[in-house]
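Chain naming follows the written order as A, B, C, D, E and F, and within any one chain the residues start at number 1.
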Amino acid sequence: MLVKEITKEGPVKGVYMILESRRRVAKNGNLFAALRVGDQSGEMPLKVWEISEETFAELQKGRVIKLEAAAKTFNNMLQLEADGRRRFFRVCTEDEYPLTDFLPVSPVPAEKSWPVLDRARAEVELLPYRELLAVFFAQKSFREKFAAAPAALRHHHAYVGGLLEHTAGVVTLCRAALAHYPYLNSDLLLTGALLHDIGKVRSYQTGGGFENTDEGKLLGHLVAGIRMVTEAVNTARRNRGKDFFPPAVELPLIHLLAGHHGLKEWGSPVEPVFLEACLLHHADYMDSQIAKYQEAIRSRPEETGSWTPYNQNLNHAVYLPDLAWEMPAATEEETTGES
Amino acid sequence: MLVKEITKEGPVKGVYMILESRRRVAKNGNLFAALRVGDQSGEMPLKVWEISEETFAELQKGRVIKLEAAAKTFNNMLQLEADGRRRFFRVCTEDEYPLTDFLPVSPVPAEKSWPVLDRARAEVELLPYRELLAVFFAQKSFREKFAAAPAALRHHHAYVGGLLEHTAGVVTLCRAALAHYPYLNSDLLLTGALLHDIGKVRSYQTGGGFENTDEGKLLGHLVAGIRMVTEAVNTARRNRGKDFFPPAVELPLIHLLAGHHGLKEWGSPVEPVFLEACLLHHADYMDSQIAKYQEAIRSRPEETGSWTPYNQNLNHAVYLPDLAWEMPAATEEETTGES
Amino acid sequence: MLVKEITKEGPVKGVYMILESRRRVAKNGNLFAALRVGDQSGEMPLKVWEISEETFAELQKGRVIKLEAAAKTFNNMLQLEADGRRRFFRVCTEDEYPLTDFLPVSPVPAEKSWPVLDRARAEVELLPYRELLAVFFAQKSFREKFAAAPAALRHHHAYVGGLLEHTAGVVTLCRAALAHYPYLNSDLLLTGALLHDIGKVRSYQTGGGFENTDEGKLLGHLVAGIRMVTEAVNTARRNRGKDFFPPAVELPLIHLLAGHHGLKEWGSPVEPVFLEACLLHHADYMDSQIAKYQEAIRSRPEETGSWTPYNQNLNHAVYLPDLAWEMPAATEEETTGES
Amino acid sequence: MLVKEITKEGPVKGVYMILESRRRVAKNGNLFAALRVGDQSGEMPLKVWEISEETFAELQKGRVIKLEAAAKTFNNMLQLEADGRRRFFRVCTEDEYPLTDFLPVSPVPAEKSWPVLDRARAEVELLPYRELLAVFFAQKSFREKFAAAPAALRHHHAYVGGLLEHTAGVVTLCRAALAHYPYLNSDLLLTGALLHDIGKVRSYQTGGGFENTDEGKLLGHLVAGIRMVTEAVNTARRNRGKDFFPPAVELPLIHLLAGHHGLKEWGSPVEPVFLEACLLHHADYMDSQIAKYQEAIRSRPEETGSWTPYNQNLNHAVYLPDLAWEMPAATEEETTGES
Amino acid sequence: MLVKEITKEGPVKGVYMILESRRRVAKNGNLFAALRVGDQSGEMPLKVWEISEETFAELQKGRVIKLEAAAKTFNNMLQLEADGRRRFFRVCTEDEYPLTDFLPVSPVPAEKSWPVLDRARAEVELLPYRELLAVFFAQKSFREKFAAAPAALRHHHAYVGGLLEHTAGVVTLCRAALAHYPYLNSDLLLTGALLHDIGKVRSYQTGGGFENTDEGKLLGHLVAGIRMVTEAVNTARRNRGKDFFPPAVELPLIHLLAGHHGLKEWGSPVEPVFLEACLLHHADYMDSQIAKYQEAIRSRPEETGSWTPYNQNLNHAVYLPDLAWEMPAATEEETTGES
Amino acid sequence: MLVKEITKEGPVKGVYMILESRRRVAKNGNLFAALRVGDQSGEMPLKVWEISEETFAELQKGRVIKLEAAAKTFNNMLQLEADGRRRFFRVCTEDEYPLTDFLPVSPVPAEKSWPVLDRARAEVELLPYRELLAVFFAQKSFREKFAAAPAALRHHHAYVGGLLEHTAGVVTLCRAALAHYPYLNSDLLLTGALLHDIGKVRSYQTGGGFENTDEGKLLGHLVAGIRMVTEAVNTARRNRGKDFFPPAVELPLIHLLAGHHGLKEWGSPVEPVFLEACLLHHADYMDSQIAKYQEAIRSRPEETGSWTPYNQNLNHAVYLPDLAWEMPAATEEETTGES
């Protein structure tokens, strides 16, 4: 049964992800566990009384469990309770249930976004960039992680598939610019657009909600991405010879990653110094801002009129223009033409 | 002869625009005029000795004159000199010489940009917006002023045709977004993109270089544009009835104009509160930033290597990525495959 | 009975304004309404069980109702409850009860502030300004709206009559400056002081507490005011001829409105560029800051000592200097004069 | 002869202030002095060849000298030259020439400002404040220094008498507020207004132009003023007994001095926390801003039209509204009333 | 019994500090007192029913009382209750219990910090500084207050002994700099380091938790310190002659105090202008930042892993690097040396 | 002859570094070269007339040449001139003249700074850090580059040896902190202090003055350093096994490099999140600020009194406290003890 279906006291069976897991000692000295569990429909507290250390160790954050428990009222709220001395759950394997049963998911299906990325990748002609892209985007395991990652932990695209959707948006805006503006190097811009956020694959984790990894907290996704490309370039140089990836080809690409936040105060250690870097920053910024509005619109309560509720990401309510317009009936004055 | 052709002392004949005009009194009590004149190739000082008040009154900034004078050295620099007691110039009529002979001109021809605007205008279906756009863009005199205006006095698109080129860029980016993102109202966004900068027609003047009018200095182009649309809407209401342009149709459009600078500190009295307003701001911002890079690239000295000189608009030099790449010849180590 | 008199369970009769009105569906599927009602003495929740759609539609935010209900305890708090199947209220007409019975009111009576404004208006001699002021301040309906409006929704003068009190304060400071400083144009400064905030009449609404209208949220009071004056000037030009209100008379006045917030980051699309505009900004700023201190002092709890509680508008507690001083009794040392 | 009268080579006699004095060694090893001298009409370089150490020691910055020298052309500019082996100057005593012959002077005569201060002082009734004010404003030597000081070194009131003029402006604005707003303590506010800038008497020096003293550079005028009042209060306590000046009377006054810059980033170590402190800051801020506009207007070149040149203190040109308006002649259309 | 030992209803006896004391009137008209009391182990509410005005007057914030009361449950929380008609407490004298029984205390014992200060003081050779330091640090009462004060009310060193610990840290960093860098005046730097925060002795109070005094709120510790030194210097001049403490010796020292916050926006009315002032600011800043990390580490819950919880002073969680490293066992590949 | 010895027209022989080299075409169509050459004593223009393309190609910026030319006056200034048709120079090899003959050099000799670094390195016990440090600091070529680099291009330590001097300063401050504060990991902090700025070896170049390399301009020294360590760690993992350098050992070190600028707006993509990172940032910041004061003091003109001239790096003049103090002679009043 889904979390949102648990509306009164009684037995509960269901499959949930563990979102939080804390070890507690009761006044009587017994160990108990204070968890939060959830699925895509919501989340709830779960208390497990008289739990053993061994059982507690199984209940790690991010795990998916098949649970049998009881809904009980505590402090006027329903919570789940289980007796730790009996077997009340089974840890599911990763294959058993898709992550997307337990986490919010992008409104844009992956099948719509991958072709945008793959077409861009196919258009890159410069061999060192082509092979570099293949190191990442030709690997199934990378594609899976990339498609599962959010584009941010909060604020915008904070859902499974967010990174893929965002990258497709950035690539699309870059392609529109390539068609309109002169002086742009298409290989450099498209490679940069595809790789600009790959560090998020290593700096975010999705087990038990979206969070930073230690690498994410200590280095940030921007430095993580720079290190991923640096390592891949070094491997290419070892395999293909030093001249295969000369500095004049490597440095502008690293600059695209380093500069894509646009300003130092937004986390870019260097600010864009060439046209493609400027453009990539703006495409990135624009797509993320648009996503905030889209999410405010998508998540508004049904009864909303012209304004969504206050939105924390944007720090204001969002207006929904309604231009429903009809030609007004002519009034006498107008038909006679006198004014 | 062009200004850049005046390289040594001697007689000079040519057609120039007056860029500055100052009345001076010499130590001997005589009146003289200190002018700067120029054409597209450059500018030079012009001193007119013993000038009368009447003659000085003719030499107003912004006028185009056919001049006969002499180049002389003063303080190691060449300047033009003329004797105010003889007739040395003729004021040309506005038709005689195109403005573009004396001012920098957009690198994008108007014939390329107008179709972008006109196609967008043709797609707007909502009648009040359609007619509002026609008030401006269906008038020959407006089109002429619009096509002559720069998009800024400094920093970006500061040349004849800049406003037209910039508006086409913004419309193009908005159109790309319309194709990619849901939730957008095309009529509202395109009308806003077309009108967002029309205040510049009233707040900039091009006579004798680009400058603010009094309206530009006292109100700014953003308020000027709001007032132009406000007045046109009022006229429409008087002509077509009050309900022809209801507030729910007018206010979001005015918001697009008011909010297109994005932030209060950038001159928007309100910040964007709906998706189209957010998008218009980003398209406007992106196009203006790209133009700064383009101009830095276009105006770089010929001998430039990978870096343009320091660019004041961007506050940095601009890099010119050169990805000229050739497959390196295989070295022995590589061919044998040992590493 | 006033809200503050409802201190225990039992029947309640009174006249209240509806401050919030939400439609809810109970677990049993029945409709109920969750309202907040209030008067000048305070506010309370009102739950109406088993309400019909028709009845709910009558209970709109901002309406004043004569109510019969019951006070009951819920979650340790008193709330009002009514049975929607019986007739428990009557909607009052606008004339029946003054707005000021339900909203906070300026501590300065209108009779003290209007003469300040009217005297300033009487002193303006320049005909176009005089007639412009009359368009607004000679109209009874405008005067009523102006006198009812607050000067802000939060922070300062957030009460009925606030706009009137604030405008009187600004006019008073401007008049003091006119008496002390040279170079000031009295007509321009007084007209600007009187009109600087008129946009608030259109951008604020007072029904059910103080809030922004859509125009307030989409354009802000500053642009609303600019548009009101622009429209009035256009009407004057149509009626009196174009030269009746030349740009040199109109533009500085619009500038006063546009620049009165002083800085772009405070919402002025242009910053003051002449003396009267600088002065008006400072008078406006000074009066609003003083009001914050006055309100912190006025609303302090009775038992306050030298410091009010922390004040959110000012982000600090306010000190109340107490200089009660008495000549200290002379000590021996002092009387002998040895030190 | 005044500096501005020295327009060609030849002998020069006049009385000038030394504005700069540098000791130099010529290529031949001889000592010479590179000075700048000036009067109210302008300033000029003065070179003294073959000067002795003793003579150079007399030519200190800030001294006024009666000079006999020769104007000669050097690098196309006129400069004064003198032979240090002959006696070419006499140092004037301080009484001989008023400072105001050599420095810019307030446009408001001291006779107009002193009564404003003295009337305010006379109204202060609280004895400790009254006596404190007398420590400063009843002393002839203090009044002389106060009346000679500028209110700032740059930006506003940077002339002899500026401090007096500025203090009178601040007192005037405070008095207007006292008449309009409730809750104000007149003794505290007027004492604070009179004393707020007294530190400038110790932190500025006027010899040879306006400059900071070491105390001004190391502590600033705000701390200097706090220390002056602290010392005077301590003296009062020693003379009149500790209770004569209790902390509840002293601390709010010191707070007025410490907080009058309004914000930490503007140099106030604490920000205003009571009404009088808020008001004093705004009066101070308003008067100084107005002065910048007045000075831009006063110092504009004669031929200025509606705009002064760019003004560095304000970072913009200043507009001069010209409302000269005449009732337009009625046109036919208007007289017939058809529109 | 300690506060943390009160875990169930029943009688309670203990010694506590009053942390808050509010006079309340019950619905029945009787006076009651709502207090908070605490010791080093925690704090709790205490309600005293039917209290007389006389008794309430004894229960002032900051007092230490020997209490007999009862723990009762209210709103699911334990609180203490007492009957004001019986004698239930005794006010302790200041000597009876050390402050440190009721307030958090520095982790660094005073015996470790005082020698750092006293050694530095002993090294100062310049007589006026030596005697000035003695005015403060040779006085037992000053030493007691100094050793009891926190270094801040929040953020860092907010505990008894914090000022002493912080001053020792600053002195230590300054001493390290004296050993490494040239151009430093040891007497000036050490005197400044010792005195830089003495104003906190007058601007903080510790009765009933750490708070600002009126002087702290109105002037701040920086101005308080400047005034303390100013007064001491004046006394020295009266006693030892004016030349004993010449301005060239006094002003740099006052500058060290005035500038030690480094930036105006951080409360320094002047920013450092010489080397010792720059250094003192950085030592002060560095020590206070380090203290925030130390406190986040010290106060982390036991079960913390690599990250402390979110820390409000730092606005982030703190990482605890764990470099426990062991030489990895050699794998076959490595031992054979092939890669 | 040194540049400063060239004081009059005549033949000149000397060894100079080329600081600028521009190719010019004269009006007669001939090629000439406009160079600047210099040594530690100063710099001068050098014009080479009628130069061939081949000769010009030899005169690259950064080269050291043995020159024979003539000093001539041009525009009242001396410049060097040479005839490009004759052989007038010889390019010196890198060994011939030390770089320090032509560039400013640290006032602290390398022999004083290296032991500070090497002692710190010797104390690092953790094997992966020890070996990592050896990759850099045990290589002669790295040590040479490190010892030649400046610590900044402007502002502070902008001279040969600056990086070495600065690193020694940072290490010294870190060591002082290690002795005083608990909770610090010495291996981590010292390794971070030694490596924090190594990116400057790759991002600065010293040929012909100090400048950024392309890598410096495109990535900045901070990212360059991260990449250098990343590459070295990867190499270590390939050589010693993946577990030799586990993430828990690598990531905190990279964080120290990434965070050492302290704030995002100062170029750190992540801000310090643990104690050692906080400390390293403050030591780095403190040392660089102290260096600015030292340089202002060191480079002051001889005749300076208490204040250096305005210093651009600090944006203020620097005060030089002079505490020369003598016990004042006792006055009669003092000796008699009456006050």
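Heads up, the rule we're going with is that contacts are C-beta pairs under 8 Å (C-beta built on N, C-alpha and C of every residue); 3 or more make two chains touch, one makes a residue touch a chain.
The shown structure was predicted, so the numbers you read here are calculated from the model rather than taken from an experiment.
The minimum number of touch steps linking chain B to chain D comes to 1.
Under the contact definition stated at the top, the chains bordering both chain B and chain E are A, C, D, F.
Between chain C and chain E, the least number of touching-chain steps is 1. Homomeric contact chain A/chain F is classed as same-residue, with over half of its interface positions used by both copies. Averaged C-alpha coordinates give centres for chain B and chain C that are 43 Å from one another. Centres computed as Cα averages put chain E at a distance of 41 Å from chain F.
Separation between the centroids of chain C and chain F, computed from CA atoms only, is 60 Å. The multi-chain contact residues of chain A, meaning those touching 2 or more other chains, are 214, 217-218, 248, 252, 255, 273, 317, 319, 339.
Every pair of chains that touch is listed here: A-B, A-C, A-E, A-F, B-C, B-D, B-F, C-D, C-E, D-E, D-F, E-F.
The touching residues of chain D, when paired with chain C in their complex, are 126-128, 169, 172-173, 176-177, 180-183, 185, 187-188, 238-241, 243-244, 246, 248-249, 252, 255, 271, 273-276, 278-279, 282-283, 285-286, 289-290, 293-294, 297, 316-323, 325, 327-328, 330-331, 334, 339. Residues of chain D that touch chain B in their complex: 7, 76, 303, 306-307, 317, 319. Of all residues in chain D, only 214-215, 217-220, 222-223, 226-227, 230-231, 234, 247, 251-252, 254-255, 258, 264-270, 273 touch chain E in the complex they form. Those residues of chain F that touch chain B in the shared complex are 23, 27, 75, 214, 217-218.
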